[in-house]
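Below is the structure I would like to discuss, written out as structure tokens.
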Amino acid sequence: MAVNLQVALGRLRLPNPVMVAAGTFGYGVEYRDLVDLTRLGAIVTKSLTLAPRMGNPPPRVAETPAGMLNTIGLQNDGVDAFLLETLPRLREYGVPIIVSVAGETLEEYVQVAAKVSRAEGVAALELNLSCPNQARGGMEFGVSAELTAQVVAAVRRAADLPLIAKLTPNLGDLTPVAQAAVDAGADALSLINTLLGVAVDAQTRRFRLSSKVGGLSGPAVKPIAQYHFWRVRQALPNTPLIGVGGISTPDDALEYILLGAHAVQIGTANYVQPTTALEILDGIHNYLQQHGFESLDALRGLVG
Amino acid sequence: MAVNLQVALGRLRLPNPVMVAAGTFGYGVEYRDLVDLTRLGAIVTKSLTLAPRMGNPPPRVAETPAGMLNTIGLQNDGVDAFLLETLPRLREYGVPIIVSVAGETLEEYVQVAAKVSRAEGVAALELNLSCPNQARGGMEFGVSAELTAQVVAAVRRAADLPLIAKLTPNLGDLTPVAQAAVDAGADALSLINTLLGVAVDAQTRRFRLSSKVGGLSGPAVKPIAQYHFWRVRQALPNTPLIGVGGISTPDDALEYILLGAHAVQIGTANYVQPTTALEILDGIHNYLQQHGFESLDALRGLVG
Amino acid sequence: MSRYELPAVVVEHQRRGANLYELILHAPPIAERATPGQFVMVRAVRTHAPLWRRPYSILRANPDKGVFSILYSVQSAFTELLAMKRIGSTVQILGPLGSYFQPVRAARRHILVAGGVGAPPLCFFAARLAPTLTPDEHLLILAGARSSEMLVGLDEFRALGAQVRIATDDGSQGYQGYVTDLLAQALDDPLETAVYACGPNRMLRTAADICLARGVPCQISLDAPMPCGVGVCLGCAIPVRTPDGGVWYKRACAEGPVFWAEEVVWQ
Amino acid sequence: MSRYELPAVVVEHQRRGANLYELILHAPPIAERATPGQFVMVRAVRTHAPLWRRPYSILRANPDKGVFSILYSVQSAFTELLAMKRIGSTVQILGPLGSYFQPVRAARRHILVAGGVGAPPLCFFAARLAPTLTPDEHLLILAGARSSEMLVGLDEFRALGAQVRIATDDGSQGYQGYVTDLLAQALDDPLETAVYACGPNRMLRTAADICLARGVPCQISLDAPMPCGVGVCLGCAIPVRTPDGGVWYKRACAEGPVFWAEEVVWQ
């Protein structure tokens, strides 16, 4: 049986639902010799800021049970360098490119988004709403429905590209933020970004991260990510949702699709096995064939 | 070097800081042939309700990466049966007994607490604030500072025993709830209870739990638990705190103590290794000796 | 109730079928006390994922040598790690645990219904039951599996003088179809018969229905997720009928895994 | 840059010291391209905890036989699982990765400073360097470890004709004290000398200070947590001096693990 893996998230059309998540696949080109980039549903770049950013001091990462903490601190080359040097190389692979946009102020989001929207060959923008808001003492933009709406609306005006808002899980109930993002013009939502976490080294009696607090990701977070996903899915039955968090096997990805995801993103698992996204793509394909589903539409939301 | 492991959490004095957590050690007596109960810092009983409760239908548990989800649904024999049948047996071991109190209404908490406080040989009460509030559509009491204050204050009036409020992590910022609990009369706080989570079986296309949503525990949650612990520690520098979440080794326990814990509770790890609490107790003892600390006071809060 | 938590040394680790392995462990207190139908909780390595111990039925026990064994098929992460254990290494064992098969003394025909990796406790039961049978008592084994090479313990059953009938889903050996079809057939004459079954819960339900409809006493060993194995977590709840006609939960690990068929409420 | 991600068969698995094991792996593309100082990312079993692959320096490589090996000590969960791998089983390998030691052609004395399990890349380096040396060039190995039985690769170093001096923390062999004391001593005459070091970061810092103070070119292989090993996660940041006198981060896995001592900013 032929199966169709294409998906449409509003205006954004992808050859298949398996993307690589922001910050876990570099700018995309780094893995070109190990992963057939042309087969990916999309590449989400690492988050870009207006100016190059140096990031946080080491230690930046700590392994935790079935997960990891990171405090990279948005180290990146800045949007200009990306557009000038990396984007042209990445474009050659013909894979949909989703640029992740970061900012510490509303203006920074807008400026980065505007620059990207003028470039050629970008399929969509993803707003990283887990960035620390300078004006509010480093609180994540995405924990506030109001700030989220402001950022999404402003970027919406500044950039004519499909717009994905990526939600932070660091609040009790994501649905008001999700609703605000959609009302402000987001075409789709990605959820979730990393969870705030702490790790201590009992032997050295220090925090394991230079910044004390970091972002938790990896298999450990999957139940929490799926909980938030399920709640947002119920609250917004018609919004295309992208499931992110703890995916490392085809079953993990299928679980999100069954819960109603249009697409999924693979993060931490790329580090463990660079070919994870392709293995998941093959696994989804086989599952559809074995169980007699012709497309993802038939599967999506069966568990609700 | 002789080391002193005694701790005082306000009025509550314990021979050592290693307790077993509510719901993970039965009523205590079940493990008597496998674990030397007399060596435990305290036993927290499974949560008791006014009437016996049947609990939720199976499946009630699902393994997740480095963790598990449960939806036991507060199955218990009811407070009367506990006081009549189990407490007398448990008392014989001379181990401090902390009774976990649950309720679906404010009145239920108060009635259970009042009954327990009239019994002999109970060292303290722990309020399980993760219970579903009947009046508010099943929302956990502990996500609201106002409800938390009400429950704590009412129980405070009804029962003259040291009172521990056990916080739920299912909100963005626990500090207002923690503050409310202390202001209302809690002598100490335990944190955290389980995190809301979902698991799906891609093969059967069903939720893995009968109730869809369950509570996540185990090593996977440790970074999240320690994050909340660290924030509450900062907000309430003078309140005795009990660290719970993902502890399975001496280092895990020491991490909480370094972050400022007066005591710790071992939950899920009991299932994997029934002797975990004793191994942790020995490990803490050795650590203090090796590193030349005479008591936990010298260690507590060194990482802050 | 005597239970032990101890490290057991791997004495042998043998391939016993397509994807089947027998792990022979030295643990005298468990070898001495194990009763057919009981299980042990196994921790193979010190890792957080998989997190839980896994329950395994006791396949055989030799109190004289102080050894017992379990039989497992490699399915997922836990059993992949278990399969890596070498002779001389140790696994942590908690047991023996749970209820056991009770020989129905009034019966003259004992039918053991084994589905797939449900066979081990019945092998042990047959081994202990056979020597106690009088000449007019019969032991009939109905063994089912997806395919011929998934069948477990046939040689042992035959060595005990038991009659063995086989069903496979793919027809690669014996009757093609469900092992419960063989049971229904065998119970054409239900008199003085007792049934003991272990296998997938779906099979057990069918077996229970068949037996109850014919008034045949039937014990079934149920599968359930088991975080603790010792009755404290209440995760392994099995709905059962209470004397007053209501429903309550029993624990598969403590009151079970072996239940009387009429107790269980199927949901 | 040619990197491969492939399953490699365990050809041998040998004890090489108190708590040291050598794992010999068949992986021709890696054996052919490995350069001393480079490493591979190893995934031993399919489990979520430990989650990350671990980096291991290449100890030796035989392109003709298509094998290379790594040397490890059992420390925690990952290495406990690695130690369970049997001959004939596979581990996933990603490599060869990272920068490498560059022989300083102007030097006449090459000092290799090895601390504990920092020795493997220097063994490999010595093996490749020794045959290229002219008769007036010297190879001096300074090997340090906590204790005598933690010393690695001494026989190999000696077989290459290198001079070997030893330091142990407990004095169980050679000089009692830090291996960097031996380095300072050897650099009493710093002329025409190059230093190559691998070991705990604290040792490397001391070695770097000693060399920089004496104007001796020094390459050090740094340790850092490495989630990806291939430069994408930015987790392994090492602060380095930029040409304009500022500080920026390089990646231990991509621009490193081998750095010139003067580049590194110690924090």
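The letters A, B, C and D name the chains in turn, as written, and every chain counts its residues from 1.
The rule is simple: a contact is a pair of C-beta atoms (placed from the backbone, for glycine too) under 8 Å apart; a residue touches a chain by one contact, two chains touch by 3 or more.
Nothing here was measured: the structure is a model prediction, and the numbers come from that model.
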Chains touching both subunit B and subunit D: A, C
Partner chains shared by subunit A and subunit C (touch criterion as defined above): B, D
Longest centre-to-centre distance from subunit D, chain (CA-based): C
Inter-chain centre distance, subunit A versus subunit D - centres from mean C-alpha coordinates, in Å: 36
Computed distance of Cα centres, subunit D from subunit C, in Å: 52
Shared-contact residues (touching 2 or more other chains) in subunit C: 48-50
Per-residue overlap in subunit A, given as positions that touch at least 2 other chains: 64-67, 218-220
Chain-level touch network, classified as line, ring, star, complete or other: complete
Touching residues on subunit B, where the partner in the complex is subunit A: 64-67, 69, 143, 170-172, 195-203, 205-207, 212-213, 216, 218-224, 226-227, 229-230, 246, 250-252, 254-255, 258-259, 287, 302-303
Contacting residues of subunit C [partner subunit A, same complex]: 48-49
Of all residues in subunit B, those that touch subunit C in their complex: 23-26, 30-31, 33-34, 54-55, 57-68, 70, 72, 75, 218-220, 248, 268, 270-275
Subunit D to subunit C touching residues, read off their complex: 45-50, 77, 80-81, 84-86
Contacting residues of subunit D [partner subunit A, same complex]: 1-3, 5, 43, 48-53, 92, 94, 224-225, 227-239, 247-249, 267
